[in-house]
Structures are given as structure tokens and as C-alpha cells.
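The next part holds the structures, each set out as C-alpha cells.
You will see chain A twice below: alongside chain B first, and alongside chain C after that.
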Partner chain A sequence: MKAIITILLGTLLLSACTTVEPWERGILARDDMALDFDASMSGLQQQVYISKEAASGSAGLGGGGCGCN
Partner chain B sequence: MRPLTGILTYLFSACLLLSLPPAHAATAYHQAPDFTLTRLNANESLTLSNLTGQWVYLDFWASWCAPCRKSFPWMNHLASQVGTDTLQIIAIGVDNNQKDALQFLNKHQANFITLWDASGVTPSAYGVKAMPSSYLIDPKGNVRLVHLGFRASEKDALEKKILSIIAGKEES
Partner chain C sequence: MAVTEKNNTTLSALMAASLALPALGGAAQAAEPATDVSASYHFSHYHENSVPSSKLARGGSERYTVKTHQVDLKAPFLFTDSDIELALQHETMSGASPWYIEPDLNGKPVVVMSGATSSQSKRLINEERNSIQSKLNLYRGPHRLSLTSGYSKEKDYRSIQAGLEVAKEFNQGMTTLEAGAGFTNNTLNPTDAKKYQRKSRYHNHETSLYGGLTQILNRHSLLQLSVNYSQENGFLSDPYKFVYLGTKLAPDSRPERRRKFALLSRYRYYIEPLDAAVHVDYRFFRDSWGIHSNTLKLAWHQTLSHGWKITPSIRYYDQSQADFYLPFSYIGPPSNLYSSDYRLSPFGSISGGLRIDKTFGGWQFALMYEYYRSGARYSLNHVDVEDPALVDFQVLSASINYSFGQ
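Right after this comes the complex of A and B.
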């Protein structure tokens, strides 16, 4: 019985399981929807972070193992 | 634990099925889905099947789509190169808000027909996979070329390809 109820509930929840079509991405394309909407600000934050952590290259681009950065 | 695994498998496969692309997407050598839409800058509608006997370049665009801003000058260039006797260029705006589409047209001049479809029915019928997407439709109403996106580096090659398909020199 429990399993049947769970499946029924799960099927109801499937209405939320959909793909956003390419022509429906108007809101997603807005600047304020970007994960990184202010490139200069995040660059500055990155600079502060790596100097505080004393770990240059720890985020994103790393060296090739030559120990030169 | 077993029933839970079963339920999870069921939900996962149901999600996968729901996310499958439509099977009726317009592809090369298939009949282009017909539509009747209103024009954005004129108070009249246009039906694709009324243009049978003419080559049609159909483009899907939106005001929020960055590459579409670049494709408009190129479509103006294409229109001036070939003329409407040879090729009708039709651009369908898919904005939810007509005001956004009209604002876009104020900023980006369009020397071709612009239509509006906020319902999503037309892009869905064509199975649009990217913005912008364009379709070259031959005089019999068959799709001959599908082009996804718009990159400045591809525009010369695209123009060449369109012109050679129209001239009958190249198969799509």
C-alpha cells in the first residue's frame, strides 16, 4: 500500500520534471540570472581569496606541475 | 530497501522519457510544418503554405538572444543580395512579450518579414534546438537546410551554401 501511495505521489511530482525549451529561456538569459553576473567583482573577490589563502592557482587554472606559479 | 530502489528507478526512467526530444522535429527533406502568424510590424497575418513556389529562409529569434543581434544585419545583407523574388526571409520572434520584440526591432533594423509567436507552437513544431535556428525551405515546402545558432565566422559559408542550394548546384 505504501509503495502504491509513493508511486502515485511520485507521478504527481513528475509534472515538475520538464525541460526548458530553447525558445523559453528568456528569463534565464537575463543578466541578473547569471551565476557570475559581475565579472570584475568576482575577479576582485578571487584575488582577495587567493592572497588570504596563500594558494595562487587553487581556483580554476592550475599550473602544470612545474611549481612555477 | 528494494521497493525504494524500484520507485527510484521508476521515477528516473519516467524523467528520462519526459525529457526526450519531440519526434516530429523538422529535418532536411521533410515537409516544413505550416503556420499562420501575425506580423510584428504590420497588422496582417502570414501563412507559410501561401508561399509555396518560393524559397523561404525561416529564422527563429528572440530579443534576449545575443547571437540574434548579429544575425539580423546578416539577414539584411542576404535580403539585399538575393531579393524577395528569389528568397523570402521570414523571422519568427518567440518573445513572450510583444513589446520586447518590437523594442528589439527598433534597435535592429529588419528588411524582411518579422512574425510573432509567443505560444511556442511553431518552434515546437520545428523542433528548434538552439536560438537562433534557421531553416531553408524549397518551393515545394520541404526543409533543405537546418542551421543552429549564429556565429560571425560561419556567415560567409552559410550564405554560400544557401545560394548554391537555391541555384541547384548543391544538395543540402
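Right after this comes the complex of A and C.
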């Protein structure tokens, strides 16, 4: 599993990291290309997962804790 | 002359186009300050499926329901090149949660729910939580500095959080590096503390560090890699859970320190002929309690005509058990650390979601549904004994957003 993931990530990184000029970044600036498409909704989802699963950790700082049952 | 004028016109058009582009979204880009005020309201209804009768020893089969209301505001701040984000949240929670696991007559684990006896009726949860989160972003050229803070309060739990994030763009904005540090302090005041063999007050705190790199790969794709490390110290047991040890029930007992490490990757790829964006998120997690986990989420953002968009998604999750996880024991625990919490048991889960968006003018509406199933059958590894308290749930969410500048 780890090997597959490593190969996948390595391939992505090595795949033509071409220079993209600022005026060529229209597609990358689309809402649906955002890393957090809807940060609030994502936050609510993460809150649920964190309260029902042992793993946690996201790209950035998490919010405050809760005494979730 | 004519050629020069044409070149100037082309250059001006390109510059205008580049200036008109909105800042790249997402947490890891330095981006630009908000120029307009935007407000949104989110509602979420979370509902857990009942415990099947074959897995229930005593107590009600109904589990947890949570209703969440959240209001978000984002606006330019007093200083130039700055903005502020505020999130206010109100939650109501009701229902029952797993209390402990015991063997049935055949030695099969079954769950005892809170409220199983009349003296435990107060463990039928019926409470609320309020929280406020803020984030002040300061921008200076390719740099961004963010200050975060948060406060959350429930009847038996209080949490205070603060953090600092910095981001810088390199390589003509093709690469963004980001780092952050955060601190959370929690206070627990267990209800009916003596009845649950607990003190009336406990504390714990968590320190978090993270770093991330976002790279534009080409005109259609970008990739983010990040690492997250955190350490929790203090009382980390669940004050309301017990472990069945043959002749007695012992309070949940966990280590007072937990170190957590997560490696995350997020990939975005736009398929131009289909006017669709593919999102691939993966996380590897492990901690000092012996848990390791993999999470993979795939989403397909399909743009339709007239401002409609539809986004199906699927998420897979897997975790191993904590070293001290013990569903029950006839003869006593192997050490002084033990917990029968299903969240520390080995399991896998799979969930599917569907989101529909509609945009017109400055308004944006969204409706989202997710169904989550968990169990030993979804685990990557062999599971000897499935925890009977593992949960299936569904979440229905809706949101409305308005941007005053459009």
C-alpha cells in the first residue's frame, strides 16, 4: 500500500512541473480547483470524523476541541 | 507602429486578465485579502443508526443526533491588505452513547448503552455546545500571516485555542510554503463525577505543528503535501466510559500523553473537455498509542449549465487498534491502561456523498448528503473481534452564502 502511494506521489511530482504564467492560471483559480472547496462544510465534516474515528490531522490548524461522545 | 500598438494591447489584456484572476483558493496559498463582505449560514443534521438488537445488551437502541447551526462572516479588516473570518456555531446533541462492552452468554461482545439503568438515566445526553472561531489574515506581497483563536463551551467541557500560520509564495507564485503552530487547552467537568468514579475537574492540552507545500504542476493541476505533528498531554480518558473486567466495571484508563503524526496530500486536476475537476485527498496517520490509519477521499466536481453543479464523492477510512484497546476481560486487565471505546478498535469505514450547488448573482446554495458505514469487514487488516458499538450514520447539510460585492 505504502509503495503504491509513494510511486503515485512521485509520479505526480515528476510529471512535467511546467511554468504557468499568472495569466494562464484561470483554471487553477476556479472555485472547484480550490484545495478547500467549501472550508466551512469541510470543517463540519472533519468535526464528525474526528469524533467517530481515532485519526485526525488536516492541512492547517484544526479548530477547538469538543467533548464528543 | 501598428505592430507596437498591437503588442501593447495584447500585453495590457494579459496583465488585466492576470490582475482580474481571483486568488487561488485553499488553505495553503498566500492568496490575497477579501475585498467584499460575504456571509453564510450552514445547517447540518447528523443522525446515527440504531444499535442492532443482536449487538445490544441493555439500554436504548437509539443513538446520537446532532443539529448544527453555523454562521460565517468574512470581510476586509481595518488595516489595508487584511481580512477577518468569523465562525459562530451552535449545536444541540441528544441520544445515548456506548457505555461499555460485555460478553453475552456465548462470549460474543454486546454493547451496554448509557441510560441502561434507571440510575444512569442522566447519561441520556441532552446538551448543547456553542463555539466561536476567528482568523485574522494579514497580507504583504507574497507573504501571509494568520492569527487564529477559538472558544468552545459545553456543560461539561470547555476548550480554548490559539494559533499562528505563515505562508510565502516562491517561484513566481508557482510554489507556496506554509507553516503553523497551535495550542489548545481543554477543561473537563464530568457530570455525576462521583457516580462515574471521577474527579470533578480534569485538564488536558494539545500543541500542534504543521508545514505544507503547494505546487502548481501545470495549467490544469496542483498538488499539496503537508505534515502535521501534535502532542496531547493530561487527562485523555473518556470520563463516561467503563471496561468490563469480569467481576467489576473499571473506568476508562488511557495514557496521559499522545503524540500524533499525519502526512497529507491533496491533488486537484481539471478535465477541460468535461468541465469537471477531480479531487484526490489522502492521509496517512499514526500515533504513540499504536494506531495507524489510511484515509482516501475522491470527489468529482461536475459543472452543469445555468449555475448548477453536482459533486459525488466517496471516502475510505481504515485504522488499527490502540495498544490498550480491550473490549472486555474475564480475568482482569493485562496492564493499568485499558479502554473499550469503539473509536480505538480496529475497523474500516466507507462513506458516499452527493452535493448539489446552485449559484446565481451573489447567492450560492448547497445541499449535501453523506452516508457512512463502518465495520470490521471494511478493514484492510484482519479483525479478530468486531466492536459492537461501531457506528453507521448519515448527515444532511444545507448552506446559503451571499457575497455583497457581486
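As a working rule, the second predicted complex is superposed on the first by the 36 of 69 C-alpha atoms of A that agree within 3 Å, B and C clash if a C-alpha of one lies under 4 Å from a C-alpha of the other, contacts with A are read in each partner's own complex, and residues count from 1 in each chain.
As a convention for this text, a contact is a pair of C-beta atoms (placed from the backbone, for glycine too) under 8 Å apart; a residue touches a chain by one contact, two chains touch by 3 or more.
Everything numeric in this text was worked out from a predicted model, so none of it was measured.
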item	value
Touched partner set for A:A54, first chain B, second chain C, both or neither	second
First (chain B), second (chain C), both or neither touched by A:A39	second
Which partner reaches more residues of chain A (counting touched residues only), chain B or chain C	C
Chain C-contacting residues of chain A that also contact chain B	2, 17-19, 21-26, 29-30
Of all residues in chain A, those that touch chain C in their complex	1-2, 5, 9, 12-13, 15-41, 43-45, 48-49, 52-67, 69
Of chain C, residues touching chain A in the complex	14-15, 17-18, 21-29, 40, 42, 44, 46, 64, 68, 70, 72, 87, 93, 97, 125, 129, 131, 133, 148, 150-152, 154, 156-157, 159-161, 163, 165, 172-174, 178, 180-182, 184, 186, 188, 206, 208, 210, 212, 214-220, 222-226, 228, 230, 240, 260-262, 264-268, 270, 272, 277, 279, 282-285, 287, 289, 291, 293-295, 299, 301, 303, 309, 311, 317, 319, 322, 343-344, 349, 366, 368, 370, 372, 374, 380, 391, 393, 395, 397, 399
Touch list for chain A against partner chain B, complex	2-3, 6-7, 10-11, 14, 17-19, 21-26, 29-30
Complex interface listing, chain B residues touching chain A	3, 6-7, 10-11, 14-15, 18-19, 60, 62-66, 94-96, 100, 120, 123-124, 128-131, 133
